[in-house]
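To start, the structure itself, in structure tokens.
The first chain written gets the first letter, and so on, giving A, B, C, D and E; residue counts start at 1 in each chain.
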Amino acid sequence: MQVRNEPWKPLIVAFCCNWCSYAGADLAGTNRLNYPADVKIIRVPCSCRVNPLFILRAFQRGADGVIVCGCHPGDCHYTSGNYYARRRMTLLFSMLDYLGIEKGRTRVEWVSAAEGQKFAETMNSFVETIVSLGENKRLEDLRCKTE
Amino acid sequence: MQRIGVFVCWCGSNIAGTVDVKKVAQTLGREPGVVFSADYQYMCSQSGQDLIKDSIKQYKLTGAVICSCSPRMHENTFRKAAAAAGLNPYMVEIANIREQVSWIHKDMAAGTEKAIILGRAAIAKVHLNAPLIAGESPVTKRALVIGGGIAGIQTALDIADAGFPVDIVEKSPTIGGKMAQLDKTFPTLDCAACILTPKMVEAAQHENVRILAYSEVAEVKGFVGNFTVKIRRKARYVKEDVCTGCGLCTEKCPQKKAPDEFNLGLSNRRAIYIPFAQAVPKVATIDPDYCMMLKTGKCGVCSKVCGVKAIDYTQKDEFIEENYGAIVAATGFEPIGLDKFDEFAYSLSPDVVTSLEYERLMNAAGPTGGTLLRPSDLKHPHTIVFVQCVGSRCDEKSEKGVPYCSKVCCMYTAKHAMLTREKYPDTEVYVFYIDVRTPGKNFDEFYRRAVEQYDVHYIKGMVGKVVPENGKLKVQASDLLENRQLHIDADMVVLAAAIEPDKSARPLATMLTASMDTNDFFTEAHPKLRPVESPTAGVFLAGMCQGPKDIPETVSQASACAAKVIGLLNKDRLVGNPCVAHSDELMCNGCSQCANVCPYGAITYADKEFRMPDRTTAVRRVAQVNPAVCQGCGACTVTCPSGAMDLFGFSNNQIMAEVDAICK
Amino acid sequence: MQDRMIARAKELLENGTVDRVMGWKKGEFIYDVTPAVFYTADELEKDFVMNAFTAANVSKYLIAETKKPGRILAFLKPCDSYSFRQLMNEHRVDRDNVYIVGIPSWGKADMEKIRALGITGITDITEKDGDLLVTTVMRETHAVKKYDVYLEKCKNCKSKRIVVYDELLDGENGEDVPNNRFDEVAKIEAMPPDERFAFWRGELSRCIRCNACRNVCPACSCEKCVFDNPKSGVENKAPADDFEENLFHIIRAYHVAGRCTDCGECSRVCPQHIPLHLLNRKFIKDMNELYGDYQAGETEQVRHPVTNYRDDDAEPGIVYTRGGSGR
Amino acid sequence: MNNDVLIPRVGVVTDIRTDTPDVKTFRVIAPGGGKVFEHIPGQCAMLSLPGAGEGMFSITSSPTNREFMEFSIKKCGCLTTALHEMEPGQQVGIRGPYGNGFPVDTAFKGKDMLFIAGGIGLAPLRSVINYCRDKRADYGKVEIVYGARSMDDLVDYREILDEWMTDEGVAVHLTIDRPQEGWDGHVGFVPTYVKELGFDTNMTAVICGPPIMIKFTLAGLTDLGFDKTQVYTTMELRMKCGVGKCGRCNIGDKYVCKDGPVFRCDQLENMPDEY
Amino acid sequence: MKRVNRSKLGDLFAKIAEAEALYLPVDAPEGARYEKWAPGKKLSNATNTVRSAKDFFFPQTERLYDVKRSGKTLEIEPPETETESFVLFGVRACDVRSFKILDSVFLADPVDTFYKNRRERATVVALACDRPEETCFCGAFGIDAAAPEGDVSAWFEGDFLYLKAQSEKGEALLAKLGDLLEDADEKDVETQQMRTRWMLSALPLGKVSFEGMKKTDLMDHFKNEKWRSLSEACLGCGTCTFVCPTCQCYDVKEFDDGRKIRKFRCWDSCMYSDFTLMAHGNSRNSQLERFRQRFMHKLVYHPNNHDGEFGCVGCGRCLQKCPIGMNIVKVEKALEATHE
């Protein structure tokens, strides 16, 4: 068994709702606002589509941080989706914290379609947090990490 | 195994500048299932699209991944191109390598690597894509407007003018609503009846409008374009199509002690009555609570005097069922009950009135014939205290009142104060307020006129207590600006009671599966962008039922609402979004959690019989999604513990495949 | 109490109110009682048992039983009644097909705790007042205070109230009881993250994925569990990696969040003594603190905190800022 | 390096033939050419496609074929769907042979053979039929009754027409469930057809097909005077490990993958009806 | 027969651990469990471990091989064969007997080399029981808890641990321990043996016998009406299976880590609803059938195939752990009662 020996780079999965945050990410691009390439975005219709299973799956497969972005509370395209997401993620994050998973590996941010700047800043700060936390060791699946 | 084509766009140098597009195309070309891979300068150009179309045909592609700009930009373009080549448009996925790669990353190596990963994720998703076909449903070209106030009337008239039949269901014997009870309207001071009653008549005479007054919605089934509504027609005990509205019966009826709702109980009417002179339909109604004939079987005067034999004591509630394509909720409002505001002595003294009652006291058709007389002794009041925000803007934790601003009180109080001062210059008028809110065309000017021209005493402060004493109302108040206590001996106190949605709104919302906020106002589909639609497709909102608003706002919302309805009814068929939820009935527990979170009421339950593997049958309650109503948010899919509920186009497995591909 | 229950059950069978009885059946020893359905008075006389070890929550069996023809008598303890009510709210049981007699429960004993006292070679256990008299093959008799060997779920009982019933065996209902059931959760919350992580690794690494916790849980009554369904993409059968242990238990707790009545069966049946209730209680505690007190199964309320919201709910970031140990 | 029986070898799919709308026949050889392993008629092999799973399939080619093995596979689940999507050149995992196989060198030797198959049930019999054809001298006459729902569902139809029917000493009786245009053969269910045809009771019969067909055919043969000891059947059910250990194929005191899949019908009487 | 003073147990363990890994039962939150010995770890006093000793030969999950795909080709990578030997100390007589039952499955042709390899690497030091539980009924299967089989048999009596080699491996182990051991007389443990045997017979299950099962035909047992009520409360969990020292059903599963497919084998339970689920259906759809399979296998099928040897060793784990208090003794009694 041999462990991958490249220098560690964080891997961050961002779930973005189609209507606000994904558009916010696009706007960050349109405005050429830089954020690290470690962030990979998955488009979902709404933040309420994000199943805790997806988040755990990302960690299992090697993600070091997972961020969920949705419309600002009250602005959900589907009126209430992000409210549900908010409760679900709060509970999930609390449980992860309870199990001793480092605080900050998971985050929720509300980013509107107009907030390209905020999107880039959020991603920069999130990557920074993850870099400071280091590699995800507590929610990893060793089978996915060894050759 | 899918046969996937990968198309990498240069976007001129927009992408190719920071992403090695050739390398992306080559690398992705080696992914399992990819049978064709190419890069091209402008994929969205005609020739780019042709490349996609030709490749689909030549390589018998079952799926396509376009690595290009954001799907928000060209997803539709590429889907159409695919469809033109015979590929189901939902077999196309976009990897966003411009907005999310080339435009934000400067390093070619990092950009290329990320582009490849995003491409891989899209390929992984396409592997699990299935062709989707949008469902279609016909549209019943008829609208239902619930509520016959100004909002409902205006909506109905606009829809009717566009050529679609409309039914107005109104729970009281006449349409007109609250506006019919008003005296003058701010800020122009034109008489409410003068502008409203022509509309009422227009509605009555419009060939496309049917007025179902004294009726209520009993049951709503179906979905956008295809509602079936059961309407209860309450028994009037008067044949509506026979009664001429001559009013003879209402004069001869011996029972004179029924409180007159139209005058808010400030006067009495007969047991058989026509609410007001311009009522539409102008038909008498028997109040079964007061009619001696109905209660004891002894009387029958009205029947004897009726020349056209319109009276029918045996009438029963009837139900009619109609199909509609769209439903408008225009259920309006009512002032809140003041039983929790004993400090203002509302229940202790008849001279403490609500603003709406004050409207009736000022109204020429009101109980005092338009002369301002105080109810207790029918004398002219000389000192009147107006109290603002009674029940509005209350602390959310307090047991009484509502948390929001009722929005219209400041303006109608200014109107009342001004009209009072104009008609009776000897009257002192005090207005106690928290803030005066006058954002509207000519509103602030109007208010300033009240203060400056009519010398209304506006005092920033709250009234603490009103005590009836020796025919006077002792008002204890504070003046916050002067920081002093005030004691005023008033003849009348007028309370600007907060408004709240009509009580009928909540049960109606349940029937419509339309969502409501905690204050029982209907919620709009989007607070900014879809303000006249309910999240439940096919249900629209007009007037106060959506939130406090004044008459011009109500009318404009009503017309906007009508425009939306017309837009819907104009369509022959509705094409749905195929990316909707669906439930695997074999795995569904029927636990109802999904329906609880569905903002659209798209989920219903049915008892279904299942053949078990051991050849027995079992009946189970399972969820069923109406694809015409579902908007595809996915809230239900995460609520479902068994994973029975999934979303087409964004399935659990598709999203997990993307996660896996990204984290590989 | 056993005699009164048998007598009442026989009456209800006799007068046709029910055609069978859900209860507990005697075993080889006093403690290995088995939930069972009794059809005749003879069977009841012979095998029906109610003692310090009849802890099993029978409400889950009623999902299947109430789908059968006829009407079943169910004796529900307070905690069982919460589970049953929750199942009613989820339309999983047919209330009309069950006649519920509420029975009081003053706590059930945990055989594993008796063994943990070091008593071996047990030949007999009898109940006397609040005590259990344990006799061994060496003719010794140990008096064990029942309280000392209470099941975890009984030690931290939340309520003696029966929330759904047709009649009460005692005629009187119990009340909610003051309890400290969140203390242990708070204790773990107060640990530094590393210690917390080590604690849970120590606990969850013992999991053998026997699924006893899931299969006994009245809230885990899915037609097909995602972890058994190859199509779900997360199916797994064995804790093949630490991650799988975490995944299974996090998701299981999450799936029952807002629906878990805290009946404590998961911890009772875990052969590896994993304190699974501490996961469920964590969610309950969080929901109480963040979204207002809520007790699943207590009322007819069908929208629980996870399927509900308020405009001004706390943001997820609160998890990282509120109380406990910071990092 | 571990060399356990559970670890497969690599096989290459060289040819894929579509037999019926849902049955394909795959030809498998070792990467260096030749067969991956030897087998006797009626034995099975475990085929695996990583990501799709592993499953037991009977080897439908005769051991007398020296170049390759064949598998006729009906599409019915995740693995078989993946196998059907393969293209020639695809490598698969293969391990075996498993099971007891037909007693071709003992009980069958010198006997007149009656083969009765329904639908995909022909696949396991094809191996033994061709074995008997290739070793004509060792066996008496060969009669084959084969039926399917329709003409399109007859597996190996070309081989039946071109080879079996033209063989000396081999008689083939085909039937389909319902009349069909272009079919002038017999119409009806296999069990009834067997009774109609009537066979010499000294023959040794082998039945394979859906459980219901096996049940009625066996009853039919008994009516004709066959003893259960003369009738064999084969069942490939629920096998996972192939070596009689994982416990899935345990029915009564038998392990289908080890003690079977070929059973003499009298043996089945003492087995619970769990197949 | 050799012996060593209890006070030198730590030295004894250290000596063994010098040469090879030593596993023994230690106290843990769940009861007792096998752990690798390290200085300071104490042998548990418990009568038995919660999980059985089968884990050492048939672990809950085990890697079979990996497959890498590229294009149409497959590359199969078998795992490295482990070679380190180890000592299992403190295995009770019931668990020792369970190895024989597992052997009859895994060492039968074709041999399971993963299992065989582990068996060969292990030296089993069996420890006689002196404090049996009420759930013990090993005697029903001819197991003498006071005289366990194994490579070395051991007894605690008074201040001493007595050791007796029973095989070449055992001789070799004792030889390695050299001067830590002193000679002892077999008579020293006889009193204890008699006491244990008496206790076992005096305990509630002391008279349980399964021999009556053999008087009835397989199909008669199979068709017994009692299965319905016996299985009625079964939750279909795998607790009994997973704590059972003789249950050996397994599943072969795969895990795609994104780069390769990892084939592994893991415990499975015939009590699970999808145990027999295959593409074309499930042959045991009800919990009754699955419940029946487990007990028929242990009490009828296994003895039929293995000279009357039952697939149970009477360790009593399932009696202690079943969430609903069902167990093999109740099953046996119910079945036998039918045919009396």
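One rule holds in what follows: contacts are C-beta pairs under 8 Å (C-beta built on N, C-alpha and C of every residue); 3 or more make two chains touch, one makes a residue touch a chain.
What you are looking at is a predicted structure, and each value in this text was computed from that prediction instead of being measured.
Undergrad: By mean C-alpha position, what chain is farthest away from chain A?
TA: Comparing chain centres, D lies farthest from chain A.
Undergrad: Could you pull out the chain whose C-alpha mean position is farthest off from that of chain C?
TA: It is D.
Undergrad: What's the distance between the Cα centroids of chain C and chain D, rounded to whole Å?
TA: Here chain C and chain D have centroids separated by 51 Å.
Undergrad: Chain B to chain C: how many Å between their CA centres?
TA: Averaging C-alpha atoms per chain gives centres 44 Å apart.
Undergrad: Centroid from C-alpha atoms only, then distance chain B to chain E, rounded to Å. What do you get?
TA: 68
Undergrad: Give me the residue numbers in chain B that touch at least two other chains, ranges are fine.
TA: Chain B, residues with two or more chain partners: 597, 639, 652, 656, 660, 663-664.
Undergrad: Could you check chain C for residues that touch two or more other chains and list them?
TA: 226, 234, 240, 306-308, 310-311, in rising order.
Undergrad: What positions in chain D touch 2 or more of the other chains?
TA: Correct list: 78.
Undergrad: Across the complex, what residues on chain C touch chain B?
TA: Against chain B, the touching part of chain C is residues 67, 89-92, 221-226, 229, 231-234, 255-256, 302-303, 306-308, 310-311.
Undergrad: Which residues of chain B touch chain C once you look at their complex with the stated criterion?
TA: Contact set of chain B toward chain C: 518, 586-593, 596-597, 605, 618-621, 639, 641-644, 652-653, 656.
Undergrad: Note which residues of chain E are touching chain B in the complex, please.
TA: 69, 71, 256, 258-259, 281-282, 285-286
Undergrad: Can you tell me which positions in chain C touch chain A when the two form their complex?
TA: So the residues of chain C in touch with chain A come to 185, 188-189, 193-201, 226, 234, 240-244, 246-247, 250-251, 253-254, 257, 279, 282-283, 286-287, 290-291, 305-311, 313-320, 326-327.
Undergrad: Would you pull the chain A residues touching chain C in the complex into a rising list?
TA: Interface residues on chain A, with respect to chain C: 52-53, 56-57, 59-60, 73-74, 80, 83-84, 86-104, 106-108, 138-143.
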